[in-house]
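The structure under discussion is supplied below as structure tokens; questions concerning it will follow.
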């Protein structure tokens, strides 16, 4: 929509504007790890970093989220009451979010908000009240492979604004009305600045040297992939832990439970994960994904076959590389997918 | 709440073959003791999974007390002796993690020791009362997200 | 390291080509620096992928549990101790096991290395005899290996394998000079409120992914207590009580069994130091019952034993 310039010495003023009636969050360095935290000044936020160790999905999909509270008091007019949890009371801004993560939220929108029946108000409420200001990656990591799964180090999908660091200033591009309003007061960009941003984009893309190919996965049937021999090897060292799913920006499985205490209770949803045997355990004792192999296969099939089939070719992975970095036994999604594509 | 007013709730796990009987005897002997404990009968201290202690604290008990047969007197020969090692290691671990000494108690009381039972109830209750309400490990769904 | 790796490959090839075992479980080079991974070689050709480095941090004993057939396992001190544990707990049979033993050089903590280069990406780490050459985007630094050992390797008391059918390289010293009692000591000096504050600080970032449990060769229960649903001992939420219940009870379940192999800490995506709990128990078990786990085939686990005169000062 519009291209503006945000000088680095004007950042604090810009951030002050953002904080006025919103909560502002950004990646920060804490105990040697990059994580998200509230900020009010530019100095608190990180401007040169690869990405947060965990994805920021918990802003919209907290690991533990109370959905409602209830009481079950027989004979009390106030009993048998269900009470909705309050919606988010203040809009939020996520500053310096990476394009891959913003893209992941757009993929999750397709899953959490589909139609009247599948319309997750917990997810939607927070999404609608949040503005995403992205920071383009000029220095992707060796584990990033976004360009091969439909994203880009300077990608704009899902963002309200994208900032590109061109030295002493940032090029700020808006894509939504919300984003445009934020940039209203900023000066126009010059042709030279835009050219520089474009060059940085090309350079960043060139730095992404690893990736996945999915053409043969797309061509194969579900059953061909499902029965492929590779799963016997992929699953061997897997611990069936929650690391890869919990760090992933697009993994979104959850488990809903009622927790009670005396006559009161709450309905709470917690992150869950396909790698856990408990996730699919039935009350009957039957488990449709009863073996480690079934569970490992599910994670990759879901992202690279089931989601694409059901969501018009969209891939359930944005190539952030977090699972590659954090898997305790180095199960590398790039290798698995390339083996699937063999 | 001042300390004087505070009445702790104590989860008390008693072996069926000894302390539970001791409590009965204390009752029929009309011995007076504080009423802060909620007695739970177990078949043997050897059945006492340390997890039960954890669950009592999770559910808000201010103190936990486990009592069984004197060494050598176990109905199942040695349940209490296996339990002893578990209690030692678990108590040390909880207190290492920050549980205040005085919240978790163990005793050997036979079914004939009504007055030891009475004395121990008083001791346990006083110790827990002095510490005030439990602080840690409580699963309170009203407080959290 | 490379010389040792070569010998491991040769031993594995020989075992596989002679048909002595169905599989050799060892380590292979990871796709990211400082992350070797458990590798299963079924053929002499696959044995070529085996490696040995400063980053063999997974405990391979885990993979022998409930695995049919004859297997060879590459085992440094701690792994061999966990194999002994598993034999003593009747989980594996000695005769199905071929131990390719070797002295552990001590493994390096990748988080300690990364901490030297905050916010920067390490692209390659090259092994030199006493040093590591760390390379990244725009930097290169030679660091002294010894200074970056995992905390559990520093306090190790058994670097040589307890059991082995074949020894790779030379037996070496048993320790690295550290004392495991120093792990728990700082907390033991604190008052209860401070200890609890340390607990909160230690586990505040836990995301309950259970990588620590799942990587540990002691945690082989069919159903872990945290996964039990009827009754549900521990809810699935991030509430402090639930996180603490998991960690305290898991640590307790390792009593008299934990070999301080450090795999739990190496596996954790959040860098959580759960050995602060297990090392306290290790110390108690040693001081109270005179036992070190995994040192002797046939030894009975101390928590399934008693002595008439076991300490009981705390019992009224």
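Which chain is which? They are A, B and C, in the order written, and residues in each are numbered from 1.
To be clear about the criterion, a contact is a pair of C-beta atoms (placed from the backbone, for glycine too) under 8 Å apart; a residue touches a chain by one contact, two chains touch by 3 or more.
The model shown is predicted, which means the values in this text are computed figures rather than measured ones.
Enquirer: Using mean Cα positions as chain centres, tell me which chain lies farthest from chain B.
Expert: So the chain farthest away from chain B turns out to be A.
Enquirer: Using only alpha carbons, which chain's centroid is the nearest to the whole structure's centroid?
Expert: Measuring from the global C-alpha mean, the nearest chain centre belongs to C.
Enquirer: What whole-number Å value describes the gap between the mean CA coordinates of chain A and chain B?
Expert: Inter-chain centre distance comes to 47 Å.
Enquirer: How many angstrom lie between the centres of chain B and chain C, each centre taken as the mean Cα position?
Expert: 36
Enquirer: With centres defined as the mean C-alpha position, give me the chain A-chain C separation in Å.
Expert: Centre-to-centre distance between chain A and chain C: 32 Å.
Enquirer: Which parts of chain A, given as residue numbers and ranges, touch two or more other chains?
Expert: 64, 259, 268
Enquirer: Residues of chain B that touch two or more other chains: which are they?
Expert: As it turns out, chain B has residues touching two or more other chains at 139-141, 144-145.
Enquirer: Counting only residues that touch at least 2 other chains, which ones in chain C make the list?
Expert: 235, 237-239, in rising order.
Enquirer: Chain B touches which residues of chain C in the complex?
Expert: Touching chain B: residues 184, 187-188, 192-199, 225, 233, 235, 237-239, 241-242, 244-245, 248-249, 251-252, 255-256, 277, 280-281, 284-285, 288-289, 302-306, 308, 310-312, 314-316 of chain C.
Enquirer: Looking at the complex, which residues from chain B come into contact with chain C?
Expert: 50-51, 54-55, 58, 71-72, 78, 81-82, 84-101, 105-108, 120, 123, 135-141, 144-145
Enquirer: What part of chain A is in contact with chain C in the complex they form?
Expert: Chain A residues touching chain C: 29, 31-34, 46, 48-50, 53-54, 63-64, 139, 141-143, 233, 236-237, 239-243, 246-247, 255, 257, 259, 268, 270, 272-273, 276-278, 324-326, 328-332, 334-335.
Enquirer: Which part of chain A faces chain B closely enough to touch in the complex?
Expert: 62, 64-66, 259-261, 264-266, 268
Enquirer: If you look only at chain C, which of its residues touch chain A in the complex?
Expert: Of all residues in chain C, those touching chain A are 30-32, 35-40, 58, 62-63, 111, 114-115, 118-119, 121, 123, 137, 207-211, 213-215, 227, 229, 235-239, 266-271.
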